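Next come two complexes built around chain A: one with chain B, the other with chain C.
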Partner chain A sequence: MDRPIRVLVAKPGLDGHDRGAKVIARALRDAGMEVIYTGLRQTPEQIVNAAIQEDVDCIAMSILSGAHNTLLPNVVELLKAENVDDILVIGGGVIPDDDIPFLKEKGIEAVFTPGTPTSVTIDYIKNNIKRK
Partner chain B sequence: MDLAERLLKGEKRAVARLITMAENHDSEAIEILKKLYKKTGNAHVIGITGPPGAGKSTLTDKLVKALRKEGKRVGIIAVDPTSPFTGGSILGDRVRMNELSMDSGVFIRSMGTRGHLGGLSKATAAAVKILDIYGAEYIFIETVGVGQSEVDIAKNADTTLMVMVPGLGDDIQAIKAGIMEIGDVFAVNKADRDGAKRTATEIEMMLDFNKSDWRPPVQKVIAVENKGIDELLAHIKEHMNHLRETGKLEKKRTENSKLEIVDLIQQKLMNMILDQSSKEEMVNQLAKDVALRKSDPYSAAEIVLEKIKKA
Partner chain C sequence: MFEKEKLAKVKESLNAYEAKVAETIQKRPERKEVFESGSGSVVNRLYTPLDIEDFDYERDLGMPGSFPYTRGVQPTMYRGRFWTMRMYAGFATAEESNKRYKYLIEQGSMGLSVAFDLPTQIGYDSDHPLSEGEVGKVGVAIDSLADMEILFDGIPLDKVSTSMTINAPASVLLAMYIAVAEKQGVTPDKLRGTIQNDILKEYIARGTYIFPTEASMRLITNIFEYCSKNVPLWNTISISGYHIREAGSTAAQEVGFTLADGIAYVEAAIKAGLDVDTFAPRLSFFFNAHNDILEEVAKYRAARRLWARIMKERFGAKKPKSMALKFHTQTGGSTLTAQQPENNIVRVAIQTLAAVLGGTQSLHTNSKDEALALPTEDSVRVALRTQQIVAYESGVADTVDPLAGSYYIEAKTKEIEEEAMKYIKKIDEMGGAPKAIDNGYIQQEIMDAAYNYQKDIETGKRIIVGMNKFQIEEEAPKGLLKVDPSVGELQKKKIQELKAKRDNELVKERLEALRGACQTDENLMPYILDAVRAYATLGEICGVMREVFGEYQQSVQL
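Moving on to the complex of A and B:
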């Protein structure tokens, strides 16, 4: 690929900490990606609007507050409503294993829980983006 | 419906995709810009520059909100540096513009410099045109946090807003050549801090040497508190009126168009030299000869140019 992969790193919901998101952002940066970081306390609407304007290949959301079963599927639904079908949506953060099958069913294509090496996330994005 | 039509209809996804294509040197984007170039030139393009941490993003956020109250459609291009080692970048200026991402009259795009020096990305000029065609009445270009010589913004904007903050260096900084010369309007941000008055005075003293019939106004603002924003916006608009009334706008845009044409020629020439592998081999061989002092760089450059002339 001769163009940088563009990734939106977002913190949906009411978490007050974003160190994990920033670590991921930096790791993706060091892997040669263009990372658009949108900061704390984003609504699904804000995330989808930003993703469309920034024309990203991937939305990576980090969430710690327990609201993942609502907010992450909400982002996928809003993308569908805008007829966007070429953005890879992934999640990470404090998410119980039991919730992962539900999230995948809702269109979150991968979920990375604490302890995942950043290289795993990087490879997953590289291998699964939907546009050439 | 093709991309050009979707852009003319004001569809944001078409805007976004075209900017991506321009960034990736996709020839289709160039063809669309050729076709629609006549539709550009309507927006007031405002460059926002200044040192890192001066508050450029926060100021942009407030100025855009003021324009939104007037019902204007606005585009924002925020440029951040690309890593020279990995080609990656963190584009973080949206953090200060979060409320604007919910506003249907605002389009914000972040760009990495992708190796381009001068404070902008090579595709910034194309992105400005795309937003202009889309119908943005005001387009803000926020440069990377600049040092002393990243002056490209002056070639891309109608009005250059220089954002300064108190406490950066002594008064010799204000009389050096470079960045301080390109401001059409000055904002002294964080004006509640110590030294704001002195900073403003130093800028004024520098401007006393200004020979143009436009004296750049110096406005103190506190962006986070939304103070001084309306006054600053009035100065920016005044500058555009001045350009229009004096015929300088046409002159400035002609000069800028000339620079853009020369830039494009340079790029094309560089591609001609470097992209074709056979010629690259030649350049590599010449470079070796020069390094070993078998030849000299002046003769090597002449040899390459002769080859291109014949091609």
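Moving on to the complex of A and C:
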């Protein structure tokens, strides 16, 4: 691998609880990845633009507001519209188990719910990025 | 408090004890090398009078209901009346939430606590593009006075006290509340309740800000002034440590940063020409309750004592009520686990004890399913029952400040007070809380604490039962509350109907009057109230202010 894994950590929607996003951003950085954190209130368009501009390997979105079924699939659709197929899209936060199959069907490849150790997320990203 | 000779004797026996302990440890080591409190400060093996050597009853405790209020703000505390059991609720539409409020009142809830959805909290109507997917999700969607009328339909506003968790657009929601009361024939002087209205902690920890710091501070002091004249029983701000703690702070940081925010509000109000004793009695606070009962009890006592001293010594307050720190407590949402959610009932009970032993005026207990979704009717009832059991069955409410005089509690109270004071001094040196927020200092401190906490969980240094120890194979929990996704469409339709029905010329006129006032130093409350009465929407009113004031830009440092 010639360069470190690059991850965009994003907070889609209006939810302002960013403890999880910041903790995961730091943990990824401590694991040797390059992390770009978008800050709060990002629209799916802004997230996709940032991901393309920053040439990231992974978009990791944290959401606690219950808007995940709308916002996370939007990001995947916008990536498809831009013909981007080499970015791993994952999500985390307060997301009921019931919603996970739907999100996976929509192209969110993994969903990490409360209590997941950061090491699990780190390993998942390492093993699943799609860099060609 | 302690005589020198007696302390010397204690010292002797302590030395003997430690010598014996050293032998014991050789044979049987303690469970850990270092014991730490819930928020990571070192806990000694034993506390004795030596730990509170310079403790002075009159100076440090006094009597309940008098300076420095360490033992509580009321002389008789819960012997007179229990704390207000206030369950935070709101979801989907005003109709749905109104039903939940009536249910909670029937079950013995003593006050309402309104949760608003994110678009409402950020001043967007339900039909705004950014509201997509968010309408009615984390709280109730309120777009105009029409929604507010439905929300409080059949609930007499002169009889209940209502707390509204609203910050950036607090002036607008308060205006709507006043307008609903008018329609019920209730005059503003009878309204009791609280608006959260604490914007500084939004920049620090919660993120539902709209305007830049200065405009936000103006709106807040406008509310102080307006209410002191017109809504005298209303608590005009709830200075919130809750979210600071949820974002990952320690107990001492929770006190230090919250009181630093409090100082900023007092200074802003004094600068706006208000007399400290006219608004200070209506300031209230909001703290978190985590699992380490003893540390938490000390935290509340330290906060009361420190605030009393700040108000008296720093701001020269004269009225006792200006010095007495009243607070609402919510049990710690971030302490709940998605694993084995039943365990959360026990955590909430422990946290309830902490809040009550610490002398809270009002309490919201979280429900067991809140690490997964909004609570169902059944889970919210158990949470309320938890408070009722502590109130009626446990006996802890029968005497005032029962843990006072414990060597540990008094030493810890002093420790938290001193540590919080250090933070306040540091923030003073930076030029006050708004500056310390703008330069990212407070956020950085909290983020460090949050990251350390997470690392402690992952290394197993900190045990969370059911999550990193004593795990079981679990099935996905059933019966969680789901908000109907059609709420967004429903609210959009309501707005269209409203706009077709109301006097749009009048709305325009009143919004323009508000715009004009924003550009002067006038108090904005009367203009907002007029716009609300004409059924201008929340989004329209906040939109005018957005245009004049601009929007806050977050600076992010990892």
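Just so we're on the same page, the second predicted complex is superposed on the first by the 130 of 132 C-alpha atoms of A that agree within 3 Å, B and C clash if a C-alpha of one lies under 4 Å from a C-alpha of the other, contacts with A are read in each partner's own complex, and residues count from 1 in each chain.
One rule holds for everything that comes next: a contact is a pair of C-beta atoms (placed from the backbone, for glycine too) under 8 Å apart; a residue touches a chain by one contact, two chains touch by 3 or more.
Because the structure is predicted, anything quoted here is derived from the model rather than measured.
Participant: Aligned on chain A, chain B and chain C: do they clash or fit?
Facilitator: After superposition on chain A, which the two structures share, chain B sits beside chain C with no clash.
Participant: Taking the superposition as given, does A:P117 touch the first partner, chain B, the second, chain C, both, or neither?
Facilitator: second
Participant: Have a look at where A:D98 lands relative to chain B and chain C in the superposition and call it first, second, both or neither.
Facilitator: second
Participant: What is the contact status of A:R26 with respect to chain B (first) and chain C (second): first, second, both, or neither?
Facilitator: A:R26 contacts both chain B and chain C.
Participant: For A:S65, decide between first (touching chain B), second (touching chain C), both and neither.
Facilitator: second
Participant: Which partner does A:V84 reach: the first (chain B), the second (chain C), both, or neither?
Facilitator: first
Participant: Pick one for A:Q53: touches chain B only (first), chain C only (second), both, or neither.
Facilitator: first
Participant: Note down the smallest distance between any C-alpha of chain B and any C-alpha of chain C in the overlay, whole angstrom.
Facilitator: Comparing every C-alpha of chain B with every C-alpha of chain C, the smallest gap is 5 Å.
Participant: List the residues of chain A that touch chain B in one complex and chain C in the other.
Facilitator: Shared contact residues on chain A: 25-26, 29, 35, 37, 39, 43.
Participant: Touching residues of chain A toward chain C in the complex: what are they?
Facilitator: 13-19, 22-23, 25-27, 29, 35, 37, 39-41, 43, 65-67, 69-71, 94, 96-98, 113-115, 117-119
Participant: Mind pulling up the chain A residues that touch chain B in the complex?
Facilitator: Listed in rising order, the residues are 2-4, 6, 25-26, 28-39, 42-43, 45-46, 49-50, 52-55, 82, 84.
Participant: Hey, which residues of chain C end up touching chain A in the complex?
Facilitator: Checking each residue of chain C against chain A gives 118-119, 121-122, 124, 130-134, 137-138, 202, 206-208, 246-248, 334, 337-339, 371-374, 447, 450-451, 454, 457-458, 464, 467-468, 476-477, 480, 483, 485, 554, 556, 558.
Participant: Where on chain B is chain A touching in the complex?
Facilitator: Residues 12-13, 15-17, 19-20, 23-24, 82-83, 86-92, 94-95, 98, 101-102, 107-110, 112, 114 of chain B touch chain A in their complex.
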